[in-house]
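What follows is a set of structures to go through.
You will see chain A twice below: alongside chain B first, and alongside chain C after that.
Let's turn to the complex of A and B:
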């Protein structure tokens, strides 16, 4: 990208500096693209469960119907739901975890001990919960009947 | 904490609307992340402990969570619309001249999408509680 004409003003748009910190650059790119994807994925999920189905109509049976019962063969429909939720789960958790990291760095980053402790707790908690969620999506729901 | 107060006070005075959006983006993001962890835990229990899964789904139907649901919708829609603006503008630097308009559009989109959702959910919750 060299000089670009922007209306009346002419500004030089510099490319993003090349990888002084490869991890931060990768996360910067990831936050933008995962955010755009989550706008559709998360909003469609929220709209479907809260508006189309309605929070008060959600039951354990609905989960079993949607995901399929564990130990039984699943339909194509249920496989599609599980893939959809797996995508949201992974993207949202990574997006959220990186967001918390940036905010924590800004406000408690000067206190290395507190920052490490806080991020350790947040990371362990969200990774454990993500693994639980992923396992449930892989194995399916258990019927209460 | 003192640093945070300075950021809010001076940000308002010196940086204007963009800074408020930046702050709101962080707050809504943290709120969503908090519920996300709770929600994924609750849903994973559908496999590990259906009884607990049932209890968590019923908890979402209580008045406290019905109000929380409205806040979640507001946070989610705002974060999504404002985030789309950030992503699009930062990936397309030639649109930077339209910053002000983009901010207004993203707020407008959040209200247009979010308000009907909040009204529908609030009415559903009220009619469920009245029953």
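Let's turn to the complex of A and C:
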């Protein structure tokens, strides 16, 4: 089908059927949006921690104050900080994992067994690292005093 | 001026592994790198093998790695490339070396053929029997991708292609773009299905090496992005 827009012919194609294409297409879109979001999230984190708070003032106590203490109720402000850092953690892990998947496909994609094994190990490690990172975000920080 | 040329040499029939040939020659600053290679081949070592045909940046046969970047030897001046009196030259990466700068281009052309690089239009010709007319705006849409000369500078500068030769590569995608965005063509669906393959357009990581390497200044990465967008939306505009 073709129409005109600003003097230019516009045509449409039927959806491409391959299942893999849908996944790769979704991953492409995800990488673009998550990359953009991570740029702002990481830069604002850097600016807040190193400039607003100051490099020499970053302590466990300050983190407890920001995120709320383990076992105690949290304020709305602390919930916002936890959500902010959960977004950084989640997006960074997924963005990185998909990057590793693509590079792994480049180098060992022809060896299906090795590729599946490698990605399985990477996925398990990613889940473990994410859980470790998320513990304090879910349950609150613990004071070192 | 004096020039020290360091050239990666390899003759699979004689050499076990590639070696560096080093040559000191006298050149004019305005000479092209191709002239320096001719000086070596014609006056120092006739066994040096390289492809070149038009020698004026049109045929695209003398693509090589000059100081680590893919360039056409006939479009680079010695004065622009020389660093500390030296220029380093290697064959383009990711292809089997047949001899010295000559690589086996067949896998590259196989990828090119796979995207059906010809106009497909089964409707009858206009009543006057002449060409299918197109508006200047529609023609301008794919102007950039018509400039490709199939030199392989882009494809062989791509890290994804180095790692995986099955990847269709930037040049084939640019060639597909040339027809997909041509309002007279009717095979966009087939081409997009080919490019949506596992080793199609999604293997591009937007490294921009291809855009840097293109001797025709085609915005290759942008072109690939437009094909991805067409695949995502199903709209070609």
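FYI, the second predicted complex is superposed on the first by the 115 of 145 C-alpha atoms of A that agree within 3 Å, B and C clash if a C-alpha of one lies under 4 Å from a C-alpha of the other, contacts with A are read in each partner's own complex, and residues count from 1 in each chain.
Just so we're on the same page, contacts are C-beta pairs under 8 Å (C-beta built on N, C-alpha and C of every residue); 3 or more make two chains touch, one makes a residue touch a chain.
Computed from a prediction, not measured in an experiment: that's the story for all the values here.
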- Item | First (chain B), second (chain C), both or neither touched by A:21 | second
- Regarding the shared-chain residue A:115, is it in contact with chain B (first), chain C (second), both, or neither? neither
- Message: Looking at A:47 after the superposition, I want to know if it touches chain B, chain C, both of them or none. Which is it: first, second, both, neither?
- Response: first
- Message: Touch test for A:81: chain B only (first), chain C only (second), both, or neither?
- Response: neither
- Message: Once chain A of both complexes is superposed, is A:103 in touch with chain B (first), chain C (second), both, or neither?
- Response: both
- Item | Which of chain B and chain C A:60 touches, first, second, both or neither | first
- Item | Per-residue contact with chain A, leading partner among chain C and chain B | B
- Message: Based on the A-chain superposition described above, do chain B and chain C contact any of the same residues on chain A, and if so which?
- Response: 6-7, 9, 13, 103, 107
- Which residues of chain A touch chain B in the complex? 1, 4, 6-7, 9, 13, 31-33, 35-36, 38-39, 42-43, 46-47, 50-51, 54-56, 58-60, 63-64, 67, 70, 89, 92-93, 96-97, 99-100, 103, 107, 125-126, 129-130, 132-133, 135-136, 139-144
- Query: In their shared complex, at which residues does chain C touch chain A?
  - Reply: 135, 137-138, 141, 160, 163-164, 166-167, 183, 188-189, 192-193, 196-198, 202-203, 205, 228, 230-232, 234-237
- List of chain B residues in touch with chain A within their complex: 3-4, 26, 29-30, 32-33, 36-37, 40-41, 43-48, 50-51, 53-54, 57, 60-61, 66, 69, 72-73, 76-77, 80-81, 83-84, 86-88, 90-91, 93-94, 96-97, 113, 117, 120-121, 124-125, 128
- chain C contact footprint on chain A (complex, rising order): 2, 5-18, 20-21, 24-25, 27-29, 102-103, 105-107, 109-110
